[in-house]
Every structure is written in structure tokens, then in C-alpha cells.
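Two complexes are shown next, each including chain A; its partner changes from chain B in the first to chain C in the second.
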Partner chain A sequence: MPLFILVRLFTVLPVLFGVSVFVFLLVHLAPGDVTSTLTGPMATPEARDAIRVKLGLDKPLVVQYAIWFGHLLEGDFGTSWVHRRSVIEMVLPKFLNTAILALSAALFAYIIGFLAGIFAAARRYSVTDRVVMGGTLVAGSTPLYWLGLVLVFLFALKWRLLPATGMVSVVDGGGFVDVLRHLILPAVTSSLPSGAIVARTTRATMLEVLGQNYIRVARAKGVPVRTILRKHALRNALPPIVTVAGMELGYLLGGVVFVEVVFAWPGIGNQLYASIIGRDIPTVQGAVLLIAMAFVLINLAADVLNVYIEPRTRAAVTGHRP
Partner chain B sequence: MTAELAGRAELPVAPRRTSGPIARLRHGWRAYAKDKAAVAALLLLVVVALASLFAPWISPHDPVEAVANRNAPPGSEGLLLGSDGDGRDVLSRLLWGGRVSLLVGVLPTVLAMLISLAIGVVVGCFRGWVDQIVMRALDMFFAFPLVLVAIVVAGILEPGLLTIIVAIVVALVPYITRLVRTTTLSVSGQAYVEAARAGGADSFAILTRYVLPNTLPPVIVYTTTLIGMMMVLGSSLSFLGLGVQPPTADWGLMVAEGRTVLKKAPHVTLFPGLVIIVVALCFGFIGDGLRDALDPRARRR
Partner chain C sequence: MRIARRLSSILGAAFAALIATSITAAPPAAAQGTVIWGLPAAASVLDPHVSCGWLAKFINYQIYEALVEIELKTTEAPTKLKGQLAESWEISDDNTVFTFHLRKGVKFHDGTPFNADAVKFNFDRFLDPNAPHYNETAAGYFGFIGYSPTEIKSVEAVDEHTVRVTLNNPNNDWLRLGMEDCPQMYIVSPEAIKNYGEELALHPTGTGPFKFVEREPGVKVELVRNDEYWGEKAKADRIIFRELEDPATRMAAFRAGEINIIQDPVWDEIEDLVDEGYVITKNENAPTLWYLSLNTRHPALKDARVRQAINMAIDREGIARDVLKGYARPAYGMLNAGTYAHDPNYVSYKYDPEGAKALLKAAGAESLTISFELPKYGFGELVEKWIQRDLKKVGIETELNVMEWLAYLDKWNPGMPDDVAINDLIWGEQTPQWTAQSYRCDRHPPNGWNNAWFCNPEADKLFQQAQAAADLKEAAKLYQQADALIMESDPPFAPIYHYYNPVALHPTVKGFINGPANWWDLSAVYIEE
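And then the complex of A and B:
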């Protein structure tokens, strides 16, 4: 394995350790008696103490962390206080649903953002450019939960074209087309901010590249604009766009919580929300841990990918020239 | 002697300072006013802020009491923007809601900026192991999407206005601190700081007279652009029920309440969302204008 990937992998380990500490401390940040979820409000102090001992909450913090972390390494995320089930068994399938939603949204954002950015850059200061740039500003200020509801009103309630909530139909549901129909509205909603960022990045880098001397030379030689855009500009504008696109996939995992709640998409964001409302702390921890791990790994993958596209950045990662 | 040297060392980098604070303000305003969108945004925001501030006097109805039939469409029953699912006046609730929503956008962001300035400038100036420990601790937060940190912190605490403020501050501090630290590092490496040190200025003077004034502009610009985003985030938390509780009027909460009557009365959902977008856009434009005024070296793309 190339050195830069190894180096970058090692930097992930302390970050993941930090993540585990943060997630562990969540239990202790919660105000009041965390055991009240399990015992109910009418429990005797003795019953509360018994639960406390059973959960190991009477031990010193460091010992608690060591035990919890040991279980984590074995893939044991604890037991849900509400459903009395293994957290990992509950959360993992939900995470797959979120992955379906986030990847579709990312794909949509990349395509729309990339095309919009190129169009805007190719016709700088034109009406198209202004509309695209104005659109990205509005997109960046739009609350996703609100956009989701507006789309539900238009496409599900008014025009009855698409289902409003869920992932599969109750009757005869579960087929590919059925899931796809349920996927469209939430995916479009979550793609909005990322699409805007990709569009702005694409436009900015394209404009930068188009101002370079070799583009001027190509134009002077009489190369058609279309060929200049495709062969000279795009290829050189790609690395920063790919970096941003990779990071955006990670950020999608944050915004997706609101979208999943609005559309009742059975993903990890919806699960996290339900667990927060139900004060089911082990499940909150499991969901947060899983999202954070995915976030860290996506950023890692984006870095590695970027190094392959743009070998010059290798030096920045390893501190040595390649 | 020291003061004189220090003053001279400062001259080439910040010549505007010598012409006094009023001249500097005028200069900054001239740069800001060149951006017509920023001026328009500022005016609009002032109008919205005043309307929210004077809501008790100018709102046509009580924000939490039913004054009409349920779900009355805009323009009917004498209500400009109609009534919501409980028969309350949407316009009055928008006016009152502005107080909470603007507060949630501005207050935590400014608080986070102040905290970040304190942490960032100190670790940036003294470096060494303190710097390492603080920055590694903050690295932990970059392993989560910002929105997730806010949701989890708000979710763990008891719901309420204070909770949203705490959640946004916790989520923002790592990001602003990172900027403050890198700016502080680059500023304190400049020749004029070196010159001041050589001239015998003590650390406190260097910090307050040279490092801080030059660190502030980019940090203020960054913070301003964050305000709109944080207002949207705060409203999202209220939408989830983690923040401001009913029957208080809040733009995010109004959208959540509109959700239950979405089919019959879409206007209840529509209006607060539009207001959020417009106000968040205003903060974005103001941030752009401030960048031109305060931080001319950072060129806009």
C-alpha cells in the first residue's frame, strides 16, 4: 500500500478514539437521572440503585469507558433501553437505508451541481450565470425540513404523483420501482445544499482554469470552445471539485436527519431522532457512533481519491515529495 | 520610545488606523456601500429586526390566542396571512417568532465567536503543548457533521431556548477557533509583530494592539456568514421539538405546526419558511459586504 494511504490511515485512529470518548460522555451529559427511562418515574431509590449497578454506572468513569470500549471493539454497541434489543442489530439495517438515500442524493447533487457550474462558468456574467449563482445562494439558505414539506404538498398531496412518506408501499411494496418512487422526494430535498456547493465550486475552479495561459494558447490556436472546455479546462478543474464532492457526501449525513424525519424514511437519522425523544441513550450512542465513523471514513476516502487524481497533494499528506 | 517604535512598525500594514476611528468607519462603509445587495440586505434586515422588536405594539393580534376560524386562507377573515391550525393569526406569530429566531441566529454565533477568539488567540500566541492539547480536543468535533453535534447536544439536554443556544455554541466553537488560531499564527509571524517585540513591547501589548486587531476582520466576516446558517439550524432544532416549545412563536416551530394541516392550509407552512430563507439570505449578503469592507485582501470569487 502506498505510504500516503498508510499515513492517512494512522491519523484516523486518534480521531476515532476521540469520537468514542465524545459518544461515551453523552450518557453523563444528560441532565437528571438517566435510569428513569428504565425504571419509570415511580421507582424506589433502591430499584434505581440496582439498575445503576447492573449498568455499571456506579463504577469510576474511566473503568466504565474501558468496559464500554472493550464491548465496542467486539462489535457490541449495548442494548436499547426502549426496545431491549441489541443496538447494532437495530441500527445497522437503518444505516443501509440512509446510505441508499445519501448516495442517491449525492449522485443527484453532483450531476446537477456539476452541469450548472459548467454552464455558469462557460457563460460568465450571463443570465444563466446569474440565475445559477442566485439559485445556489437561495439553496444554501433553505431549511431542508421546510423544502421537504413544500415538495410533499406539491407532489404528493396536490398532484398525487409521488408517495409522501416511508420507503415502501404498505400494499405490494418493496420492488425496485416502488423504492425508487419513495426515494425521489427525500433524495432531491437532501441534495439541495450539496448541489449548490458543487455548482459554486465547479464554477469557481472552471473560471480559474479558463484564465490560465494554456487555455489562451489553445484559443489562439483556434481550438473550438467546446473542445477547450472538455479537453483542457475540465480535466484540470476536476481535483478540487472531487475533493468538495467527497466532503459533501459526508455533510449529507448531517442534513439527512431532518429529511428522514419529514419523509419518515426508515434511516439512521430517523432512528436517532426517535431515540432522542425516547431518551434511549445506548441507541443514540450507537447511531451517532455509526454516522461519525461513516463521516470520518468518507473524508478519508475523499482524501485518498484526491491524491490519485492530483499527485502533487501527496507531498502535503506525507510531508515528503513523491 | 517603545510606543513610538511600535507605532511606526504598525504603519505600513494598517495605515487607516492613523486617521482615527471615525475615518476608518467611513472608509469601511464606503467599501460596504459599493455592494448594492449588501446595502439592500442590511436595510431589509433592519426592517425585520425592528418589526420583531416592536411585535407587542405592531402585531395585529395576540400570537398565542385563537382569533379566527381554523386554517383560514390568506386574506380571509381580515387576516393578511390567514390563520393556522389553531385559528391563530399567522402574521402576528411571524412577527413575534422573529424575536426568537433572530436571537437564535445571532446570540449563539456571537457567543461562539467570543469564546473562539479567547481560545484561538491564546493557543495561537503561546503554541507549545497547550496548543496541541486544545487543537486535538477540537479535532474530535470535526469527526462529526456540524449539524449532528448540534442535534445530539440539543437532544441530550432538556428542550428549550437555552438548549438551542448551547447546542449551536458547542457545534460552532471548534470551527471558529480553528480559523482564529490559523489567523493568529499568520499574524504573529508578520514582520510588524517581530518589530514590536524587538522594540520591547510586552506580550499583552502585542496581543491587544497587533494580533487581535488584525485577527478580528476575517473572524467577523466568517461569523456573519454563519449567522444565517445558524438561524436555519436553530429553526430546524425547534422543528424537531428540541428547542423552543409551543405555544411560543418561532419560525421553525411554526413550520412544524403547519405540517399537521399541510393539506388543508399549506400557507401555514409556506410563510415562515419563506421568511427564514429571506432573512438567512440577508445575513449572507451582509457577510459579503463586510468582507469587502473589513478584509479587502480576501478577494471574492
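And then the complex of A and C:
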């Protein structure tokens, strides 16, 4: 098993390398003169040239990439051009804030989505099934920006139950309860599309499994429906659900930008948005790389988890018969 | 199914717990005396010498001090100057020698003393390439406002408490040029400059009424009252600036009581805010002018009649009334409010669509399609869309090309390419000299911001005379002459409105004065619970 993980880790490396090249080129090929960010709108051409030389921007792209990548390997993501501070020191706490939001949202999405999917599958083609699936369609296609504003209006402004913005209270904030109160609205908002996808995937895979011959045999033998669902169907339906759940967590990590903007959640999405607008290239690179690494590693974790869950793949990997 | 049941019970319990905490834990009350201000965007760096922008100037205004500053604890204009780190100052009759008598016993926030050497050290940061702390970016910024070796002959520390600045050419408004936002002529602790170098922005160290505590990028900047301040101490214990770029989020945070003050409330919601009991302040003397630049090199706009027609085709009254909800008035000249040269009665072109059509016909430009570049301001480009509609009425189709702010600046700075006809900007300063600095013939990019490629040697002569005039009244007349000459003969601009800088306050906010600038003095502001 460790060998399998090691092999999978090695397959991840080229992906990460590709991401780094892509990230590096993406921002360097963007239009506009990056030195204007650093020197201000009034800088003389000489001052801009001096900055260009200082940052190595006058060197060929390949050389620039090599230098940048070398620093990356040392854990040095560079210095933010806008904030003049270490990118990693700035981006990592934001990434953790996003992780808190994304994990909470994912947890919420998994529980709701999983339950709704099983519920609908167990009562397939019934009115309940249609209502639940209709609900997931609505949930999956609701614009998050709009939903966030509606929730803020109701819970923060009308009923005054929850805070409207931020991760902690600005004055004397902090602590578990304070963060939890700030977390509820953005987490619920960002969980909806993922919850819908998990629900639909769960239903589809459950239906597929429930249509298998061994389930029919179990039914013919008079095994109660609950036992069939729990013992025979659920476990076999899990692998695709886990894969989707892993991908959804990855998407959430990079995709809660709108929710972070609406709720002023100090996450990496918000920072990335501000850095793109402010043309803060080192920060954009650092943030995108972190998100990409998290995405790849979460999917790796989902794959490993699948091996544990699915006896056939486990056998293929370990060489032992289940 | 047991799994599902168990999960649903866990979920139910978790949700109930969340709701319970939200109900039982009341929102934490704001600490007495903490003023929380909602900024509409992220501020630039807090190193005043390499900083550009109204928001950074606003924050820096609370932390740092200049030798002489504009009095902002009044709504009146033209603005008056007050000594901050200089107790008094003298200007030679020919406006070339500025002698400052410094305040004694002042200390920087790091405890080091303020004196003439500190002033000289600050000037050297952008004037003396041989100084160890010389900063090229700062030199670039200061060069464009005339704080450069070509304009400044010398800066001398005459004695411990006297500094003398000598200019090469007379300039009656040289002091005010340094009081703008881009860059800011604040006196920074020399020790901080030496210790932190380019990271000074992370450790702002001035002499002002508030001290820097921390900055969390994209979240907040926190300041605390300087209890050792040499003058009248600030009223609030703390000031927190929150960076809330999204207008809807900013409004929600304001209404939820998470911030006490916001600048630029969404115009459409101002009436509702008043109905809800919030206080809206404004300043009709704010030096804030929104205008279009009209490219004199554009194939169609080369003809001055087309530019005159554009000026006549725009219903400025309608924009001020219906879009800005009365928080602006029409602008017909480029001399912004708040300066001694502003003439509120001057009208260059009245709204006259029929006259515009006639001019366009005479110029052979009856049906035009032109490009209009604009930045995102976060207001949905409402004014530009109004202008687009007005121009369409006289037969000019405009294609709006919206860009993010920095991308826009990158296109704005090098001057308009020939195929771009119009762009816009919100600007205005305490001194009318910004128009002279910007629109002289020798200020074509890359040597300046004359991005409509305008040139009128006669106007340049008037600008030069105005800058050298011994008396500001005389200077005002000369600026007005230059403005009328430019606007009426060959307008490279269409000034649209003077903005009143609305600021919305919770009723608990006391002591706020909406001064005649694009930033505010918060030393007298406090919260009354």
C-alpha cells in the first residue's frame, strides 16, 4: 500500500510541475507593464527600467522561470509587489481561512447531499424523489453571490442573528464561537452546489447498484430493504461518491471566491481576486500554486481512500484477495 | 439506513448547536471609542514617499505629519494651511525660498526626536542619489510634482529647528503640491527608514495623532491613539479601516453595525439610508472633478468642433440629479472646487444637443462610431452609460471599453492611441497647478499625463505666469484665463461633475467633519454609545 501511495505521489509531481509552468506563464503573458504596479503611475522610464533589472524581468523567460522555481523549492514564494511582504507569510494564513470555510462547506454538503441522494434513490421515481432532485437542480443553479446577499439580508440585517461580514469580529474578536458565528452563512452558501452534485451522484450510483443482480437475489431472498441498502448497496456505491466528494472539496478550495467577496471572508480567493486586480504577480502565483497543490493532494487522498473502500482495487494494489 | 439516520441525527444536533450559539451569543459590542471605517478598496502601501492614492493618503494622514498641511477640521474652501511639524514658515517674496521653523519637543512614534536633520533625511530619500537610503521609486513619484533636483536647488538644515528649501524657479503653490496623495510629503522617522528600508510600509512610523498597530492585507488596518502626541490628543481609542471592495458587502456591513462610517455609499441607496436614520455628510467644496479626456489625435476628434459638440451633447444637470442623486453638481471647467482658482459661475458649454448636431454637421461628422475607455469604479459605470446615451442622441455611437483600474492606468499613462477617442478620470487637487502640471505641451507622455495630446503654447504661457505670480488672486485670474482659452477654443476635455464626497455615519459617530479634501481628519471623531 505505501508503495501505491508513493507511485501516485510521483505521478502528481509532473502535474504540479505543469501547473507551475502554467502559473508562471499565465501572468507573464498577461498584457500591460508590470513595473507600473511597482513604480507607480508617475515613474520615469528610467525608474521602471531600473526596477525591471532589479527584479530580473529583463532576463529571458526560461531563466526567470528557473530562478523562480529554484526559490519555490526553497519555500520562497517571493515578495508581494503590492504589500511588500513575504508571499508565503501572507498567503498561507489566508489559505487556512479558506480551508476552514471550504471544509465546513464540504462537510455540510456531504451530509446533506449524501442523505438526500440515498433518500431519493430508495424512493426512486416517486414524488419525493422528484422533489428532492428538483431541489438539487435549484440548489445547484442558484447564483452564490445572490444567495449570499439574500442570506445576509435575512440573517444579519432583518433578524440580526448572525454577522454579515468577516471571519471574526473586528473589535475584540476571535475564539471558537466568534468564528463559528461568522462561518455559518458563508459555509451554507458555498455548500449548496457541491451538496447538489453529491446528492445527484449518490442517487445515480445507488440506483445503478440497486439494479445489479445480486441485489435482486437479496430481495428475492426476502432481505429487508434497509439491510440491502446498508449492507449491499451503500458500500459498493461509495467509490464514485468519494471521488466526486474529493473533487468538490478541491473546487471549494479554489472556488469560494464569490462567497469570500460577499462575506468579506479573509480567504485565499478574496486575496487572489485583489492580487489579480492589483497585478501583484508573486502573490497571484503563490495563491494559485497553493490552490492547485491542495486540489491535486485532495484528489490523491480520495484515490487512496477509494482503494481502501473498494475491495477489488485494494486487491489489485496489495496483491491480496479480498 | 442506520448510517443515514445516524448522520441525520448528527447533522440535526450540529445545526441546532450552531443556531443556538448564534442566538445565545449576542453580537460583540464595539469597544468604546473604536471607530471602524469601511474603505471602498484596498489602500496602497503605507510608506508615504512611494504611495499613491486617496485611500493610502487618508490612512497616512492619521499616522504621519507634514511640515505644513491643509486644515481639514472645517468644511470651508479654498483650503487653509496649518503648521504641523513647522510652527511657522516664511516664503521669500519671489516664491523661491521656503524657511520652516520646526516644532520643538516632538517625537516620532519610535521615540526618536524630530528635528531639522530628520527633515533633510526625508528629502534626501528622493533628491540625493548618493544617499544610502535613496529610493528610485520615491524619486520617480516626487519628480512629477516638482519635488525633484531640477526644481529644488537645495534643502538645508540651518540649525536644529530650522530648515530652508530653495527652488530653482519661483512657485507660489509649491507647498500645496506636496500635500497631495501621489506621493505624500510626510516626515517619516529616519530610524524607521534606516531599519526597515523597503519594508517601511509594514512599519509606518510618523509623529501623528494615531500610531500604527497592524495591517492584515485585504482585511484591515488598525491604528491606536498616540497618547504622547504633541498636540490635542485624538478622541477615539482606536481607528480600524476595513477594506470592503464589494459595494453590497460594504453596505451590508454598515447596516449590520460592523462598521460605523462608509465613504461613497451606493448612490441609489442614500435616500434609504437617510430614512433608516443614518447621517449623510457631504462637502460641496471637495476638490473632486470627474472629466473626460478627448483625444486630439483621433481622426474624427482632430477637428475641435467635434470636441465642442461632445461637450454640448452631455446633459450634466441630468447626471448630477438622476445618477448622483444630488451629491454632485455639473462641471463646465477644469478648475476643480476647493481651490482659490475655482469659479463656480463659469460655464463653457451649456447642454445643447441641437447645437451639437449642427457643429457635427459642419465638421462632416454626422454619424460617428468612437471608442471610449473607462475604469471600473464599482458604481456600474452609470455615468458613462448616460454619456453614451446622450452622444447617441446627436449621432455619435460610443463603444464602452471597461478595464480594471491598474490595466486602465497602463493604458491611460502612455496617452491615448489614435483609435481611442475618449477616456475618463476622477481627479482634482488643492492647487490648480495640477492642470498646469498635466496639460502643458511638454507634458505629453512619457513626460507627463497630457494623455489627450493637447498643446496650446498660449495656455502654457498663462500657466507659467500663474505659477510665478506673487499674488494668489492674480494667479487665480491667470488660471481662469488659461482654462477658458483651452475649453472654448480647442477643448481636450469634457468636465462633467464636481463630486461632493458623501460619507455615511452611524448616529453614534460624533465629531466628524467632511473636510474639503478626498481624505479626512479623524482625530476629533469618536463613538458615543
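The working rule: the second predicted complex is superposed on the first by the 303 of 322 C-alpha atoms of A that agree within 3 Å, B and C clash if a C-alpha of one lies under 4 Å from a C-alpha of the other, contacts with A are read in each partner's own complex, and residues count from 1 in each chain.
In the analysis below, contacts are C-beta pairs under 8 Å (C-beta built on N, C-alpha and C of every residue); 3 or more make two chains touch, one makes a residue touch a chain.
From a predicted model like this one, the values you see are computed outputs, not experimental measurements.
Visitor: Taking the superposition on A as described, I'd like to know which of chain B and chain C A:L180 touches: first, second, both or neither.
Guide: Touch partner of A:L180: chain C, not chain B.
Visitor: Applying the document's definition of touch, where does A:G70 land relative to chain B and chain C: first, second, both, or neither?
Guide: Neither partner.
Visitor: Please work out whether A:L16 is in contact with chain B alone, chain C alone, both, or neither, and reply first, second, both or neither.
Guide: First partner only.
Visitor: If we overlay the two complexes on their shared chain A, which of chain B and chain C does A:G250 touch? Say first, second, both or neither.
Guide: After superposing on A, A:G250 lies in contact with chain B but is clear of chain C.
Visitor: Is A:F295 touching anything from chain B or chain C once the two structures are fitted on A? First, second, both or neither.
Guide: first
Visitor: Taking the superposition as given, does A:P143 touch the first partner, chain B, the second, chain C, both, or neither?
Guide: Only chain B is touched by A:P143; chain C is not.
Visitor: Of chain B and chain C, which one touches more residues of chain A?
Guide: With both complexes superposed on chain A, more residues of chain A are touched by C.
Visitor: Is A:I118 in contact with chain B, with chain C, with both, or with neither (first, second, both, neither)?
Guide: second
Visitor: Considering only the touch criterion stated at the top, classify A:P2 as touching first (chain B), second (chain C), both, or neither.
Guide: Neither: A:P2 stays clear of chain B and chain C.
Visitor: Return first, second, both or neither, reflecting whether A:I277 touches chain B, chain C, both chains, or no partner chain.
Guide: So A:I277 meets both chain B and chain C here.
Visitor: Does any part of chain A touch chain B in one structure and chain C in the other, and if so which residues?
Guide: On chain A, the overlap between the chain B and chain C contacts is residues 31, 149, 152-153, 157, 261-262, 277.
Visitor: Show me the residue ranges of chain A that touch chain C in the complex, using the header's touch definition.
Guide: 31-33, 36-45, 47-48, 50-51, 80, 82-85, 90, 94, 111-112, 114-115, 118-119, 122, 149, 152-153, 156-157, 160-166, 169-173, 177-178, 180-181, 184, 225-226, 229-230, 234, 261-264, 266, 270-271, 274, 277-279
Visitor: Across the complex, what residues on chain C touch chain A?
Guide: Per the stated touch rule, the residues are 1-4, 7-8, 10-11, 18-19, 21-23, 25, 27-28, 30-31, 34, 36, 42, 44-45, 47, 50, 52, 136-137, 139-141, 143-145, 182-183, 198-199, 201-202, 215-220, 238, 240, 242, 244-246, 248-249, 252-253, 255-256, 258-259, 404-407, 409-410, 412-413, 446.
Visitor: Going by the contact rule set out above, which residues of chain B touch chain A in the complex?
Guide: So the residues of chain B touching chain A come out as 136-137, 139-148, 151-153, 155-158, 228-229, 232, 235-236, 239-242, 252, 255-256, 258-259, 262-263, 266, 269-270, 272-273, 276-277, 280-281, 284, 301.
Visitor: So in the complex, the part of chain A that touches chain B is made up of which residues?
Guide: 14-16, 18-19, 21-22, 26, 29-31, 137-138, 140-147, 149-150, 152-153, 157, 204, 207, 250-251, 253-255, 257-258, 261-262, 272-273, 276-277, 284, 288, 291-292, 295-296
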